[in-house]
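Labels run A, B, C, D and E following the written order; every chain starts at residue 1.
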């Protein structure tokens, strides 16, 4: 891309040194200094993503404040040929799906048998407990051969309702792992 | 200092009532949502409220040759040039902005509610707690920052567009040709021309809560153009006559008991 | 379309509003204002054709070769003189400090002692040398010559770009440098309803659409290494920065079509962002008179 | 979709039937409006006048569940009016094939029906073949036994009067739609159909779509720009989740799930690899073994060796003829046979049919693992209305998941565009992505089995599961590349003449190179090619070039298969490769190669007798099926009444309901067909402001404010009859349950005249649940029956019988 | 309390005076704040009273006071202000204020002008109170009613305002010796002869009456 460096006339020296052209940079420097001092200069990053409502696949651009790490604006991705930057009512309200919506789940919740309230747990406890339940249930009801004596290796007492609201990679991981566990009752809302 | 006048054109023939504008308006102005009930229509909230400045009105209509039409109209302040609300507002809370729209300065509003009955379109709404009037101000703060109003920005079908006055009027009449004359432009023929204009697919009389010939109510004209000046003139004149009477006729003296005089 | 004096009128309005809303840059704006108004009128009055650059080679253009680079470029000399004569007086009013030098320069050009045209052609280094000799020869300051030269080049290329723009109207261009003169962008605007990014060329003021998630300077597209700095409640004052190549581009975000806009005036009124960005160690994508003058 | 969203702008006539595009696919509707602005006609056929109808040219009301009758009438109109595209039909469909003489159809049943098993024995549904297995054809389409004549004869019974009497559509409206849509039979005209759940939510849902396919084939609309059949699907990644197959009956890439009778890999492969002796039929599925073995290699990695049949024996085998869909799942759960349930990003307690049965079934679970971004009625079923937590033994885990903008990955829209998403922010609090959840859970399970062993532990231990990055989180690129496929060994490949060595660990550039000897592994063959050999992630491409100008955008993201934007696009050209419609030229055979969209295979057009191939390369005979024996209920779609309909007798035959649907018989599966206790036809749908079960949108105050609670839309005539005032409280009840809601009296529903008598239709949205808003309404699916489509078990939400009473 | 101190006559008792001043005071204050509300240019009024919002509420409160006192005053003075046939003659001659007349009909307690003033204030008072109530919360009433009550309110203010000026003039400098009727309550006998001869005559005949 060297082609573009050849600006016709390169003036050396940084902005602000106003001596040569006689430009008065004093108020500009003052304003710049004041802006940075009262840290009114924010910085953000922009990421492209895809809407999670209907299957049109409209492109979105999320602006994330570097300081707080939170999304502060979501708009249509102007280059996405499907929506060309426009969004529908739900898409425009996509911001309400981020953590700005106080109803978002943030803690692992657990309900003990016959209990009438949620308890908060941590991930490790949850995964070890779930693994235990899966193993016990699978081992107890595992069907190695069917009535005609054929090898079937089925786990009929565990079912998986996956989701068409998660990414392809996640769907594939679910599909592979439930097949490995021998599940046959596998479905999700694509059918519903 | 007069800047370019803007007009918001609402093309109801393109509107699919997705109500993105209702959400965008509340999002930008940070207006809370209320717990509404379903009262037998898609239209919700049921009417403009102090926290709902724009509202899609749903209307089921059978036209003259029996075809069913489902009409959607985005209701909200029409930003009249001759604004009845500005005329009656005692505190100057309602005023004409440099873009020709009707701005509202909440601080000045004393909650006298005179504008509510004066408005030919019945737009301003009152909030009991804050005792203030609320209505669409065509995103005056966004216009000052050179941005489009939030509803125009959010409209996916391009039914809501904002632009410079003459250009938008031409665009509106241009759109009529596209509709082979089946559309009607509403908004430039009364109250000095409104800064919110419609392209309607049916006759204005059909749309509910849309006046066919809106104008400043006669009561307001009588009140503000006649009685208001005459209060001063009247009292002034009478005071003047009294003074004259005093100077010419002098006080009406009491006559010392001349019997039979009276 | 607006005719020339309507355009000048609109430019005056923009200048007025800009100096009102950006008081800190008022002096800088007023320094360039007379020149910019003269440029606007020149756009209407100037009429010169450089037949060699009329034709456009589609294949080269598709491979990213800008119009003026496709074949040998030689400026129309009499046009340069004409431009110089027209823009030096407003520059004198704008830049008091250099007005004497500029007057001498104008005299020198009248007597054909200085030929701007050949300078536009010379490469980078030669240009530097030529300017020194002229400056010495006419004993004027180097900055004055440079400023005059830049402004002449600016007017010349803007007019060329206007005449050539129809040629490339319906061809896709996805490069970060100008499709007409190949220079880097001076300022960018992101529109509000459909958030496309429009880049303005620093040399010929041509405007073209470019992706928001690719760096115009180095072409990389790693979204996590591109940052937008902005003043907290002023979305129109922001700057796009590519951490990989260390370049920044002043950007006006969420600009609607409601308010007419002039790229030069906007760049001048946002020069405080140049100060901030260069303070953070980034380099501008394009060197302009006001952001890298010494 | 065969085409994609942007392609809608290229159509001349768009039939929106079985969809409410303006409300549920606004951006698709934008493209439909672009077509309308360019002069296209847009027709909306729907039981109810909706916001879509408001913007279409006209609306045709139709009774729910009678789409096949409506379309059957159009087939009759097209054939008898000679409006079909003869050249296309003869060359590109099996219209000319001669059918087995024993095949027959009378009084609603095809030959080979077994009433006990409620299924067909399909031997008679075959073609007559010559000596070396090539189907006999009569290109003149005159032979009485050719598919075309059988089709004509089959739909001759769908007269205007009969169709009008079944569907409730007036004869003028029928003729108006038939006339306008069949005009797209002309070569230079393109007609397309947009459907959604309105068509799939029926007992004969698949056949609805089959009927439209027949129409599109007769009119030559398949494979052309602005044509095809476009499913506007509801979920963001529904296409991706079905491609990667979280489905009981398929493996990633729509490979068939092994059944008990196929004990060995060879038996499985011979059964599932179609063979065709017609040299001109590409019969692409002959490469089935390459795809299946490569998938096994991706599942078990090095443990899958030729010796152990690549781990085929470890795979679970379905019981032959038995099904495991969501309907069967909850049926078994209700019987107490299912102890544990995973429910990721879904809310069956609202969206599954027959909610009372579903929620009772949930109470029988030992444990339930949910992963969601918001709490919903499924995770909190144990304190739902009428449930005493103290009686419910289920152990419930509600895991906080990351939303779409909090994780990197790819998502496929229903136009098969697989677009890459970047991670904008980290998820809030402890939330992690579903992928991380699955990885860390499977690690824990693998660890337990490694420690304690257990029945058939090999598949779990041998599962290839190395998809973590250095700090233990899911590395999405590793997963994506494994889906694309690797070379498992150094392999020599001849590529257009040149020999090349593909070294181990490299990325497979396209599924054409997959092999069945275990030297390649590929998680999903249709996604192979999503990465270039140089590792370039084609899903993340953002190229804006559109050389054809028809909105194909070949360099934007990746489209499976092999970036082909319009499926069966070879059918857009005549047999010599010249496009039928030069104005919309997506593909052309020019000097020895295809130019335009990625063609359906490199072979020359069909006219070239030795190297040329028929256009429909995935079909075993290479041509599209007017006669489709693969369907469970018959090669030609036949109108059957819904499971629970208003009529006691099917006007077209004595076969009232779809003979091959599976009937569920638990105590909560009552059905009340043509009963006067439930006299009104009812349908369910969503609304713009909410999305599916509302589990995401009910938590958003501004959306909830616009659609706060459940309502039933009833016609003014019915309201007058039942003295129900607009906005008043009413109760809608069916044989299975009831839903309290608000009456919305409207002109948008009109009573139908069915078989001479007035039948009213009502409709409710299904976006509400008891959890939030607290004083809101509950699930509509208390009303819907547990019955599904014969082929896909997609539940019949759209046609059942209810009663409406004041509350 | 004898009625004959130094040739003076008690014309008003304290209740009357209190009622009068309450009525007049509230009416005046209403007028004052009303004008402050009506004319934005008169911003000294809200400035004086602590803002327009405060002015509004003051206007409302004084309005309420005015309403009640008006009723009381009406009950009190309606008998004396009932029109008599002679009043027409009195009016015809302009009550002797405009030109010299000599056959004015003898006035009982209040002359026709005062009666007119009374009835105008009562009628327009009622109107202004009613329209004031509507204006206070217009949302309760149909739009037409709300709109016209503003106009009616302004009209009544105009009328009451004008009559007030006349009353002020005639009650003070226009008729010397009158003002104390409403301050001390005593007027000179001569005053009574001029202004209310018949009432005076009647009083002298029957001093028991207070």
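Everything below uses one rule, namely that a residue touches a chain if its C-beta (ideal position, glycine included) is under 8 Å from a C-beta of that chain, and two chains touch if they have at least 3 such contacts.
It should be emphasised that the depicted structure is a prediction, and the values quoted were computed from it without experimental measurement.
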Required minimum of steps from subunit A to subunit E, each step between chains that touch: 2
Common contacts of subunit B and subunit E? none
Can you figure out the chain closest to the middle, judged by Cα centres? A
What chain pair shows the greatest number of contacts? A-D
Farthest chain from subunit E, comparing Cα centres? D
Please report how many Å separate the Cα centroid of subunit B from that of subunit C, as a whole number. 46
Let me have the rounded angstrom distance from the C-alpha centre of subunit B over to the C-alpha centre of subunit D, please. 50
Could you please state the distance in Å, as a whole number, between where the Cα atoms of subunit A are centred and where those of subunit D are centred? 26
Residue ranges of subunit B touching at least 2 other chains are 18-19, 22-23, 27, 156
Contacts with two or more other chains, residues of subunit A listed in rising order: 45, 47-48, 79, 86-89, 93
Do you know which subunit C residues sit against two or more other chains? 193, 211, 213, 223-224
Which two-chain combinations qualify as touching? A-B, A-C, A-D, B-C, B-D, B-E, C-D
List the residues on subunit D that touch subunit B in their complex, please. 22-23, 26-27, 29-30, 33, 49, 51-55, 59, 687-689, 701-711, 726-728, 742-748, 773
Subunit A-facing residues of subunit B, complex: 18-20, 22-24, 27, 154, 156
Inside the complex, what are the residues of subunit A that reach subunit C? 1, 3-25, 27-32, 35-36, 40-48, 61, 63, 66, 75-79, 84-86
Name, in rising order, each residue of subunit C that touches subunit D in their complex. 172, 174, 211, 213-214, 221, 223-224
Residue positions on subunit A within touch of subunit B in the complex are 86-89, 92-93, 95
